[in-house]
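Two complexes come next, and they have one chain in common, chain A, joined by chain B in the first and chain C in the second.
So, the complex of A and B:
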């Protein structure tokens, strides 16, 4: 995302720039093998996907060029439109909750306490663990009769829930798993931001007798904003594409209550083998992610302008 | 300590407890499920510490022929995809860093944004035409979609931070670009390569979506095998949990022992745009 804006070439590179201009191809042999691989497995599939999306293309029957009709079909496909809605709800919740909890966790892990390194290691385990294995255990925990979650709820007097087995609670339940899994990534990014904050503002705040909340709200939060934004962006991209957890726990069910675009795409392409239509969904899906990223970038720019305008 | 400091300490430890307990309790519960006989797993209220420990669950999983096959499949796919990615990705990261070709990052970015299923549709057809389905080759190739961008991305970042002076000196002494890379840049880059290796292994090992489409009965990797166990018999929780734990155990151990590298790699990737 910010690669283009953030990774400014170091001073060392600008020194060699004239020499590089004299012998430009000298580093190319290093890049060529990877270039071949990237073209074969990333660029070629993209071009081919776009071509397939313009065709009626089903496994086991001949293909015919149909122009944009696969795309037009999307606009009147209620299952697709419903899936877009599910994806947006799922994504918004799966960005906001990990952002809030991850920031809190980062502030805590920024403190010094014995065993911090080990506990941080434990904290990031959910994000590294194999998603399908995790999903399996969550499925057992969500079990309405025998699951441990309903038992825990009963201890504090909350009635048993149906969790992923009821259309109304399935998405929040899956978001719970997603949040549990990915809050650590937000924590790590924000922790990196906290490490870069100078100590002076905190010292003067302490002299002025600011409360913990005031220090966080008026010093920490503005300074970690760029990192929160990056974390939010990465979280958005991953949440939109979320597949393993949803597929392994509900397969989009009950009914189609948790069917996101990615799950629907899987059904179209690999259950119905309608590859042309599936390709059209893949293209639109990609554009949707780019659009969401652009909206976030725009919102961030607006925020910066208002800050500059209001002089804060 | 002043009262305020004491309150602060208690608050801190309470916060640590609240933050870490979901992860700890989850994995302990996973362990508990995997060590219980069905009678305990089907009990309500749930049994946390079983009277009889069901080591049998693990023995059953490990003794089944198929599980061994799937484990070897996972090793082959992850191992090949990671080594191939290092082979092409480390020199590429070096070349891109030295040419300061920052625009090439866009391709990595597109790869990062694209849903895995989008690659599957065209590549699935290609593998079908080439008659490769039914072997492990398609999965090795498609896992490169995961591993190559990770390796290139991390290596660009790493080579940008390594000093140029030694390399320039070697060039002046008449070494070729390749010799400079091989004998000067590469040895310095070992920690970066370790980070790239670890992350590539983890994300390839965990990958599920490519396997469910491309794997046949004999070519399943472990995550796919575990998924098929769920739909196969929903009710025997003990062996299922044991299988799940075995699948994810290598990754969990890596996380604990290589935490520093993982954190460095993930935050570098993240801050630079992941």
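So, the complex of A and C:
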């Protein structure tokens, strides 16, 4: 045959082309393992969750296809609507507080003073603790009669508080724990940002006689803004899906005053065994997270462009 | 240790003698062939607690008796309930014998058909000792274990009545008499409260879901019924409102701050520290209250039945059972284990350790067994509660939802919400859930 003569590159190409259609490309064996893993642990569970959310499926009874009725049920479920509200309040507070305090801490720890390295180490210690363990410790500190927090308040003459035992104070109290644990993370990120800022703007500001506040407001803050956005996004995703601290301290109580979407979802799926409805909540919850992340990313993108456009 | 061994042996011989006596009375009955399933291996899943401890501690005796090997594991209650349900749903549970909470799981297990019918085993004299008959179980036990066809799907193991614990010292100090009615109790609680001293008249579960177990005592005593003849939920009627008002008054005026977050554990802590004068909860807490290492009120605790309401006097009742998985391949051997678990020997040990109360009247009423119980007043309150026992939760599938939703409403009244409005709201929320579950 002509096989031996077909050794020119052009001829070889024309020979490969029809083969391509029959045989998978040679890189397939390398891609397949990753593909299998992605399908098995990411795509399949998701498709299955969406499928479950379209069914009425209670553990112990049969499954029936009900279309979108689980989603319609969500719109008239006061507990779910309340849980969305709690999640938003909890998220906003536990993003903002660590951001403000973390930035402040970063500015402080950016200064050179003796023992700085040691104190930085101490400051980031809460981050290293296991959330459930610290949640149990905080539960004891919150105790209205035996807790150390009320004792400290009594020293300065403030009456005892109910902390996590009252519907009005439970979310702020939980945010306190979250803030205590995650402020160091924000500080670490912002410290990285501060280290990257050039010194020239500060020198010229000093010559122009800017106050400390002005220096922070007009030089430091804009320059660390991208870092704050990163920190904010990490915090936000963490706070929205926060489960361990709330579950260990209040289990969503008192009543349902600290029941976030996650806690409610857990109850529906694993305590009421209503898998169909639970899946519908999971899908909506996922969309909410995607939406929030998209808004943040969009805002960040816009901010970067306006910065460049306005020449700052 | 030595003493302990002797008492165990005496108990065993005692039971053997009782069994033999029973046989002579019934000549037609064959003897149980305990060794028939020797060599079988059983897997048992237990909820963590004194019942599970009691089984694991003595299970070697069962193996000696039958030659059946037992692998038993204890898991914390909430996780055990989840694990059991998930394994049953899979169709191939890893266990043969299961410990169940009737007040939460009865309807769910029955409807799903997860448990084996034990009725034929109980009728087989080669499998069942003559002293184990259905009529020996208390009414509440049979109500829990039988399905609507009258089949026994499990053996009632341990019953939990709610009783009133009170601190005699605090009562004497304020000159207060032990309350006989709920109104008297509310008045006594107010009188006993001394916020300056940090002493409160009453403590009990305020935590959502857990609180329903205590609240139902008030509800039943105000004449409440959970369901009407058609199966509709009735927890927003006048009885429920009256019960919730009492609950609200007690826990806001006479209970420690933060009680809205208290479960039995926090309530017990307050009571054992001598900070609360009265506490309503399950019967199982006498051992920690009388333990000098854990309690400051040893020897000062009074035990009595829950005070009467205007429409009656009941003790809210809950309970556990032990059953055989329908999917098990060793049903007969598993049944032998269940039988041993509720036997007189094991029941007496459970009662004497204060870890639970057997459903079997022949154990509770036995003078010898009673002698072994340390706190006589406690035993009396248990016996008296048995006479006024009434199931403390509706027998429906969505029990967890009921406890969460109505429990949250009841907890909300502790921060000032109106009982009638909250209960109405909770009922509107729960009704469709119940309807959906009954329809399925």
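Note that the second predicted complex is superposed on the first by the 258 of 312 C-alpha atoms of A that agree within 3 Å, B and C clash if a C-alpha of one lies under 4 Å from a C-alpha of the other, contacts with A are read in each partner's own complex, and residues count from 1 in each chain.
In this text, contacts are C-beta pairs under 8 Å (C-beta built on N, C-alpha and C of every residue); 3 or more make two chains touch, one makes a residue touch a chain.
Quick caveat: nothing in here was measured; it's all calculated off a predicted structure.
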Contacts of A:167 with chain B and chain C, given as first, second, both or neither: second
Partner chain(s) touched by A:71 [first = chain B, second = chain C, both, neither]: neither
Which superposed partner A:241 touches (first chain B, second chain C, both, neither): first
Which superposed partner A:61 touches (first chain B, second chain C, both, neither): second
Touching partner for A:145 - first (chain B), second (chain C), both, neither: both
Contacts of A:270 with chain B and chain C, given as first, second, both or neither: both
Touched partner set for A:218, first chain B, second chain C, both or neither: neither
Which superposed partner A:256 touches (first chain B, second chain C, both, neither): second
Which partner, chain B or chain C, touches more chain A residues: B
Chain A positions touched by chain B in one structure and by chain C in the second: 145, 270
Chain C-touching residues of chain A, taken from the complex the two chains share: 56, 58-62, 78-79, 143-145, 160, 162-168, 250-256, 267, 270-273
Residues on chain B engaged by chain A in the complex (per definition of touch): 12-13, 15-16, 19-20, 22-24, 26-27, 29-30, 33, 41-46, 84, 87-89, 91-92, 94-96, 98-125, 141-142, 144-145, 148-149, 152, 157, 160, 163-164, 168, 177-178, 181, 202, 205-206, 208-209, 212-213, 222-224, 226-227, 230, 237, 240-241, 244-245, 247-248, 251-252, 254-256, 259, 262-263, 266-267, 270-274
Interface residues, chain A side, partner chain B - complex: 1-4, 6-7, 9-10, 12-13, 15-17, 20, 24, 26-31, 33-38, 41-46, 48-49, 52, 101, 104-105, 108-109, 111, 113, 117, 119-126, 128-134, 136-137, 139-141, 145-146, 148, 151, 180, 185, 188-189, 191-192, 227, 230-231, 234, 237, 241, 243-244, 247-248, 262, 265-266, 269-270, 275, 278-279, 282, 285-286, 289-290, 293
Contacting residues of chain C [partner chain A, same complex]: 82, 85-86, 88-89, 108, 111-112, 114, 198, 206-208, 256-261, 270, 275, 397-398, 400-401, 404-405, 408-409, 411-412, 414-415, 425, 429, 436-437, 440
